[in-house]
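Two complexes follow with subunit A in common, the first pairing it with subunit B and the second with subunit C.
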Partner chain A sequence: MTQIEQDKNAPDTVMSDYNFAYLDEQTKRMIRRAILKSLAIPGYQVPFASREMPMPYGWGTGGVQVSAAVLTPDDTLKVIDQGADDTTNAVSIRRFFEKTAGVAVTEATAEASIIQTRHRIPEAELREDQVLVYQVPIPEPLRFLEPSEVETRKMHELEEYGLMHVKLYEDIAQHGAIATAYAYPVKVEGRYVMDPSPIPKFDNPKLEMAAIQLFGAGREQRIYALPPHTQVVSLDFEDYPFEASKADHPCGLCGAEDSYLDELIVDDEGGRLFMCSDTDYCAARQAVGHRGSDASPTLEGVA
Partner chain B sequence: MTPLLQVEDIAKYYGTRIGCTDVSFDLYPGEVMGIVGESGSGKSTLLNTLAGHLTPDRGAVRFDTRADGLRDTVTMSEPERRMLSRTDWAFVHQHARDGLRMNVSAGGNVGERLMAVGARHYGKIRATASDWLGRVEINEDRIDDRPASFSGGMQQRLQIARNLVTGPRLVFMDEPTGGLDVSVQARLLDLLRNLVREMGLSAIIVTHDLAVVRLLADRLMVMKDGHVVESGLTDQVLDDPQHGYTQLLVSSVLQV
Partner chain C sequence: MQRPSLTGGFRDAPKDAAFAFRAVMNTMAKPGEINSVTGAEPPAGLSIAAGVVLLTLCDPETPVYLAPRFDLLEVRDWITFHTGAPFVAASAAHFALGTWGELPLGDFPVGSAAYPDRSATLIVEVDDLRSEGATLSGPGIKDSAALSLPDRAAIQQNAALFPRGLDFIFTCGDRLAALPRSTKVS
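This part shows the complex of A and B:
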């Protein structure tokens, strides 16, 4: 956290050898065109000429390109990975944009204008002046059911989505309930079936939000989007309705009962700690005095 | 009486080579038509053209749709044709693994067509799947097993169940008994014959096995080099073949 302060107040660390936000202007225009098209057709996967980025595929090359294309010098950027601001992926992407764009960064959800995320939606409700950028590994919801890209495109074109329910059927047949817990397929505005990226299904109801949501898949070269307040319905069966599930515990650190929890193994005797996966949400609650049953003195000291 | 399927002067070429040409026939409801011929005679090309998998170079394939009567399936839009192929039509492949999803359980395989036409109640889908497994003589406790663990004959029966579950009116079959040993073939034929009679299905069966058409088909078309060389009632064609090639075909069957 002190690291962030230092970088922000030291503009001479900003690299001037690169164009603003690393990508050249032509590339950003190309990506913006793809973004505009994807916003015009919610849930439709728009192909774009994904560039090599200075990070491996799978580390958020799609999200980074989308962020680079929408970033302006006045923006404040927040990057989260599984809800946390302080994991390797989040830290390196945040520092990447600090260096190449010199934008302000933050860990506070409410202060950010652009939030790049991997596999989570922040707990705090997002506003209409914010943009949420997802890193997407496999944009095609039908991919593991139908390997042919030609065929899946045809299925989207003709709205042949019966196969998606076959997957849910298999879940119930094998596990007695819909066991798909993340990347839970949704139908957008009654038209396209979309993979919401591997967010937990707990986050699915939050997909109908005020902020713009952009999804970038670098390796697969696809961008798709949800405009504000778009209707997003999680697929289910009449007798097995969709359920936004989470671990049945309060957060051990801040006591929150409404947030998505990570399970942490704390010793080799079966001891475990459930804690908010959204670190900013948890820290903010602790700062105003909320305490969970497992909050230790040292953690309190940090908060 | 309106024919269920009216085929008019169908031709399909592969470049300058003939796939099949000058084929015309009417198929009436409840009728089973057999197409026999040697390998490369164009019978599979013809079947795939009729089923909409290949686009013919000439001719019309009119199907008696529930809503609008006879419609040319060659010129109808692709969504309409695909809708037909998962409701009123069924296609049984020679190799069961071409027609099944091998990584999906037997119940899921049967349920797929139901879900494709909008079924969204798990309990009902499963009950229907279970019922159909029973009808094709697959034990109901195999409903959650994947087809990969099934024998060849069971896979073929599962493929048939998966195709018939939406109550189609026309079934295309491409060598349905190919690759099965004779006793399994016999059971499958028996099953098919019962289902066809029970459901009043019309079917077009492509095979090189004359015994199959003798058992199942009402009428027979004999193909050679892309042309229909003889057609008529099955017994008539097989017992009194007129064309030289048909005579050769009938006399080639080994008697045991």
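This part shows the complex of A and C:
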């Protein structure tokens, strides 16, 4: 019987032909050493020898490698893509680790011990025993201002971050406010300016949390980290203070007023629906009876 | 013939190393927290925790410095067989193993301003590891933490080099705690 037939017959069994969590041990040791250095120097981007993964760059290869190095057989994994557990990227990464590591998976934030995320921080407050792994496209916050790695490395070395403030100032000069809405730069422990990955700036205040936060950029070959309770300050000006903004609506499905919202166009007449981007948060609220103004009455019947 | 250097490694390397690394990562992320680890049975004189850290993090890419007390044939053989790490002088080491008094702190690489990560991690064998003594604060610590430290002044000096500096893993029996350069000690 061929391997393919075996897999087809037993899709739920762990693929024993791969090492635990896919990567070989020497690769995991290399990534683990980079993670330890990144935790020792919060906000500093540690170079690592990123491997090719069985998914394209831009699909979370950095986050997947960090998760693979951190996972233990006892972990429960949650994967979200812009807050949602049920999008293609999240589903395929979750299945990848189900197959190669045999770990338990969940959609409930509170039940997960490791959460891999693309571009969101869950609404529920994370605990000390949880690890949040971010997928990062461009780890260098100064990259769009200065294309040369030699130069940006020098700027981090000398703590020369004036260019970033000029950029934010130009926002104010042109738009009357800081227009950066996602990947909003932060300063870590008063030393390194860091890109929090493209999370909405609504999430920036949550970067100071009890969980360990690890950032993996596969294509750019960088790992950086925030240990629990690390001081993270969003850059701003005294007269234009940082503001964590969101759409000025309650969630149409669960009525939450404190969660980050996605805008959904629902018909071709400009009809729109604002709904929680964190699907687990929204579903949990609906399950206990919260209803928004756009919640369909049939939903109520089903539930 | 029984060769002790061939035994005492991880039984199921991928899983043992995964559990061990999580413990090490948690201690490095939360300075002052003491965790216990299992899986290694290193030669006499070496603590279980030190053995686990070596097996988890070292391989042919990471030169190791052994302080005189641990620079013994059986320790060398054990590390060589299980990790393949080469032995070097302190100035070229990625990892070092020793007691506090025997480690030449000034000789280890502390990284450069451009690449502060190119610095040594010292595995320090201590006789006593308790959550009391020096007061710790900084990243990974909510308000403050406490840890028994061998030498406050030298560690403060190391922290003053930030972002350069050495990182320490203190090992005692099967327990370990970590002190990265980012921690302020008073």
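The rule is simple: the second predicted complex is superposed on the first by the 285 of 303 C-alpha atoms of A that agree within 3 Å, B and C clash if a C-alpha of one lies under 4 Å from a C-alpha of the other, contacts with A are read in each partner's own complex, and residues count from 1 in each chain.
Convention: a residue touches a chain if its C-beta (ideal position, glycine included) is under 8 Å from a C-beta of that chain, and two chains touch if they have at least 3 such contacts.
Note that the structure is predicted; figures quoted are calculated from it, not measured.
In this overlay on subunit A, subunit B fits alongside subunit C without clashing.
After superposition on chain A, the vertex angle at the CA centre of subunit A, spanning the CA centres of subunit B and subunit C, is 80 degrees to the nearest 10. Applying the stated contact rule after C-alpha superposition, one finds that A:Gln174 touches subunit B and leaves subunit C untouched. Contacts of A:Tyr281 after superposition on the shared chain: neither subunit B nor subunit C is touched.
In the superposed pair of complexes, A:His165 makes contact with subunit B only, with no contact to subunit C.
With both structures placed on the common chain, the touch criterion links A:Phe237 to subunit B but leaves subunit C unconnected. For subunit A, the partner with contacts to more residues, out of subunit B and subunit C, is C. Looking at the shared chain after the overlay, A:Arg29 reaches subunit C, while subunit B stays out of its contact range. In the superposition on chain A, A:Pro42 makes contact with subunit C only, while subunit B stays out of contact range. The gap separating subunit B from subunit C in the superposed three-chain model is 11 Å, by closest C-alpha atoms. With the contact threshold set out at the top, residues 158 of subunit A are in contact with subunit B in one structure and with subunit C in the other. The part of subunit A that touches subunit C in the complex is made up of residues 19-21, 25-26, 28-30, 32-42, 44, 46-47, 69-74, 128, 153-154, 156-158, 189, 191-192, 210, 212, 225-231. Partner subunit A is touched in their complex by these residues of subunit C: 13-15, 17-19, 21-22, 24-26, 28-30, 56-59, 61-62, 94, 113-117, 119, 121, 138-142, 162-163, 165, 167, 180-182. If you check the complex, the residues on subunit B that touch subunit A are 78-79, 82, 101, 104-105, 107-108, 111-113, 115-117, 120-123, 125-126, 143-144. Listing the residues of subunit A that touch subunit B in their complex gives 145, 158, 160, 162-163, 165-166, 169-170, 172-174, 237-240.
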